[in-house]
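This structure is in structure tokens; I'll ask about it shortly.
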Amino acid sequence: MPEQALLKVSNIDAFHGSFQALWDVSLSVKPGEIVAIIGANGSGKSTLLDTISGFVHPAKGSIEFEGNDISKVEPFNIVKLGISQTPEGRRIFPDLTVLENLIIGAYNRKARPERAQNLQRVYQLFPILEDRKAQLAKTLSGGEQQMLALGRGLMSNPKIMLLDEMSLGLAPMMVNELYKALREIRARGITILFVEQNVRRSLTEADRAYIMEAGRVVLSGNAAELREEEKVKKAYFGA
Amino acid sequence: MKAVIAQLRGRLTVLIVVTIVLALLPIMGVPRVLFLYLFLFFIYLTMANMWNLLAGYSGLIFLGPAAFIGLAGYTMTILTWLDIPYYVGIIVGAIVAALFAVLISIPVFRMKGIYFAIGTLVVPEVLRYVFTLWKPVGGPLDGLGRGYPVHGVIDVSRIEVYWLGLVVAIGSIFLMRYILRSKLGMGLAAIRDNDSTAASSGINVFNLKLYSFVIAAFVIGLAGAIFYIYQGAIEPNSAFSVRWLVTIMLATVIGGEGTEEGPIVGTIIVVLLYFLLARYAQISLIIQGVILVGIMSLAPQGIVGSIQKSRPYHYLRQLATKH
Amino acid sequence: MILLSDLATPIVMGILLGGLYAVIALGLSLVFGVVKEINIAHGDLVILGSYFGYVAMTRFGIDPILSLVIGIPILFGIGFVIQKYLLNRAFRISTDATLIIAFGISIILESTYQFIWTPMSRGLTTPYALDSLSAGPIHVPLVYLLDFIAALVVMLFLREFLKRTYLGRAIMAAAQDRKAAHLMGINTDQVYAFTLGISAAFAAIAGVFLGLTFPFTPVSGMAFLIIALGVIVLGGLGSIVGTFVGAIVFGVVQTVSGHFFGVAAQMLAAYTMVLVVLAVIPRGIFGSR
């Protein structure tokens, strides 16, 4: 029996003012999966995440989470439902300490009771955050900030994490560390939907992927299959 | 100039008719009260048009018009003490206001957005203190504490001042028309949308804002000085009072910032309001504040602005342009 | 000849007066740092605090400082409501709209005071309002010292509140990155309303101490708003310590000017300083934003 989708986006259109950013986009994510959304700048990937997170309300179509329609929910309530987004550019709070950043991650009422435990889990995953817990977040390196952003996202007790361009601007070694952490996060039962420009890496790490261009989904499927797919090879690997 | 007049043809006739009627009114013998309110209408309309130029078209939310009004008024008054006729005094007063605008533009334009607003709020306050402490002309002060009467004002007929007001008001309408169609107007439109893009396309933002500022200062000063001729006396608390700002802002906002007809509609409403609330002087200001908040919250484009955005208007416009 | 001991009293008075200005400015600074708006009606909220203390004193015989127990929650509520229903909405329209609506609120408040309490100047003349303290050549009114103590208490409270409570942390987060704050589950509209509420609560405190220190009229609000703005710009927007330092600078400049040029010059000196500060220092000494 096919598993019920955790997150299901069906035929959504989304606008930025009068500019249409998403055209009839659909995707679904099952519990425990790692799914990638791949595309170049301007393909609409960030808008897609923002729409799921409630910053943009779809003009058409629906977004369902655990079977419930969330397309009209305000962003701060989306978090409570268990959807956590780590935004592009990390956006950690620069003048708060590492610890304060993590604590504020547990702001939503559902996450507060488990704050202490979640904090320990985050430290286990990213020991360096514990080392630097009293430092101001802006003094951290790019990679450390990304870890902090991920840790902060984890503090909200999410069921699914949305990651926007996690590896942007980071050295390969750091990127490896981060993907390793992602695998551990998935092992703990958290579903992951991430947005990336790097096709090769995405298709290695993800179970399934959607490829977007100019606001539409142009290709989707099993990551392994996509790696072999002719079109992908030509367009992105220059074969 | 020809183009401006050509465009106005239809509306111009209406304007001319109205002007003639208004000009003849005092001769036909109208009640004193109506006379006064019409005069106020002219003065406020002139000032509202200028405030609109600054706030609606130049992006300068200027909270200190009282500075220009008071300075021009005092200049005119002081000159009358020196036996200089009032009609010279009002021009000199307007010039003083304009020069003051140039003077403060240097520090004030360095302040952005909210700082500009509060900075311009401070200026009339400072002037108020200055004029309270400083007695520009010697001799005993008549009545009104630190106030000064305007000399030679008894010889001036009210009707003359009324006509003066009418001329300035009509003039301000034409002035706005002209400015908006001129290079200055185009430049301002660009700035209003975006300061930095305008600057990068070669527009000297500072200069354009300065021109608006100085023009507005001159005209507001002119209207203010004329007001004080009518009033007969000037004193610092009223000359530099924030009530000028409230009246002008209300008129422009109710009518619609950034529209040409807005100030006209708005001023009519404001003067009407004053007339209706004349007996309730104390609540009057409270009500004005409530209206200001209400309009800005519910219909920020003002009456004219809302009409312009509405569907029936668009429809009518389409019909009109098809012919 | 200028004797240093001559200046001792004005300087000390200036420092203590700075305390009052700090309490007045802190509310404004908080709102600006978080909501990124300058509440033009802040000065009038302070005066509301003053009138509240006045009513408590003259109508009910309660000491104004004691009356803050009721005054603070009431003003908090007023500030909360203003932000939630008027200013949050205004911000969505445009920044100009926020300015104009806040100005409208200011006018409503000022004219309401005028209507209820007439333009006559009032003061909170409690039994201790005229006491003074001396230490050597220095004589200061007791209320000035109380102003200073009030400032320290308020600052301490604010710092602890921001660092230790969820709401306080939410306020700081919303101030630093609005979108990220949303992603933490923070309802920024609600947070802004709380912020203005807290700011108004501070205004209540400031109002009472203001009334104890100076006479006030319905239109006094603007004068103190102007000074408060100068203070926060000088001290650096959003910095508690900076605001305190800025306030002390203003206090000292004012009292020293008064010493040399007479009482009438005090306000003039303060205003001139504000204009200079606004034109010259858009960022302030301590500010990072």
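Letters A, B and C mark the chains as written, and numbering starts fresh at 1 in each.
What we mean here is this: contacts are C-beta pairs under 8 Å (C-beta built on N, C-alpha and C of every residue); 3 or more make two chains touch, one makes a residue touch a chain.
The model shown is predicted, which means the values in this text are computed figures rather than measured ones.
With centres taken as mean CA coordinates, the chain nearest to the overall protein centre is C. The largest tally of C-beta contacts between two chains is found for B-C. If each chain is reduced to the centroid of its CA atoms, chain B and chain C end up 33 Å from each other. Look at where the CA atoms of chain A average out and do the same for chain C: the two points lie 43 Å apart.
Taking the mean of the C-alpha atoms as each chain's centre, chain A and chain B sit 55 Å apart. For chain B, no residue reaches two or more other chains under the stated contact definition.
Across the interface of their complex, chain A is touched by residues 166, 169-170, 172-173, 176-177, 179-180, 182-188, 288 of chain C. Contact residues of chain C toward chain B in the complex are 37-38, 40, 86, 89-90, 93-97, 99-101, 103-108, 110-112, 114-115, 222-223, 225-226, 229, 233, 264, 267-268, 271-272, 274-276, 278-280, 282.
In the complex of the two chains, the chain B residues touching chain C come out as 55, 61, 63, 107-108, 110-115, 117-119, 121-123, 125-126, 129-130, 133, 242, 246, 249, 253, 282-283, 285-286, 288-290, 292-293, 296-297, 300.
Taken together, the chain A residues at the contact with chain C in this complex read 53, 55, 74-77, 79-80, 84-85, 87, 91-96, 100, 103-105, 107-108, 111-112, 152, 156.
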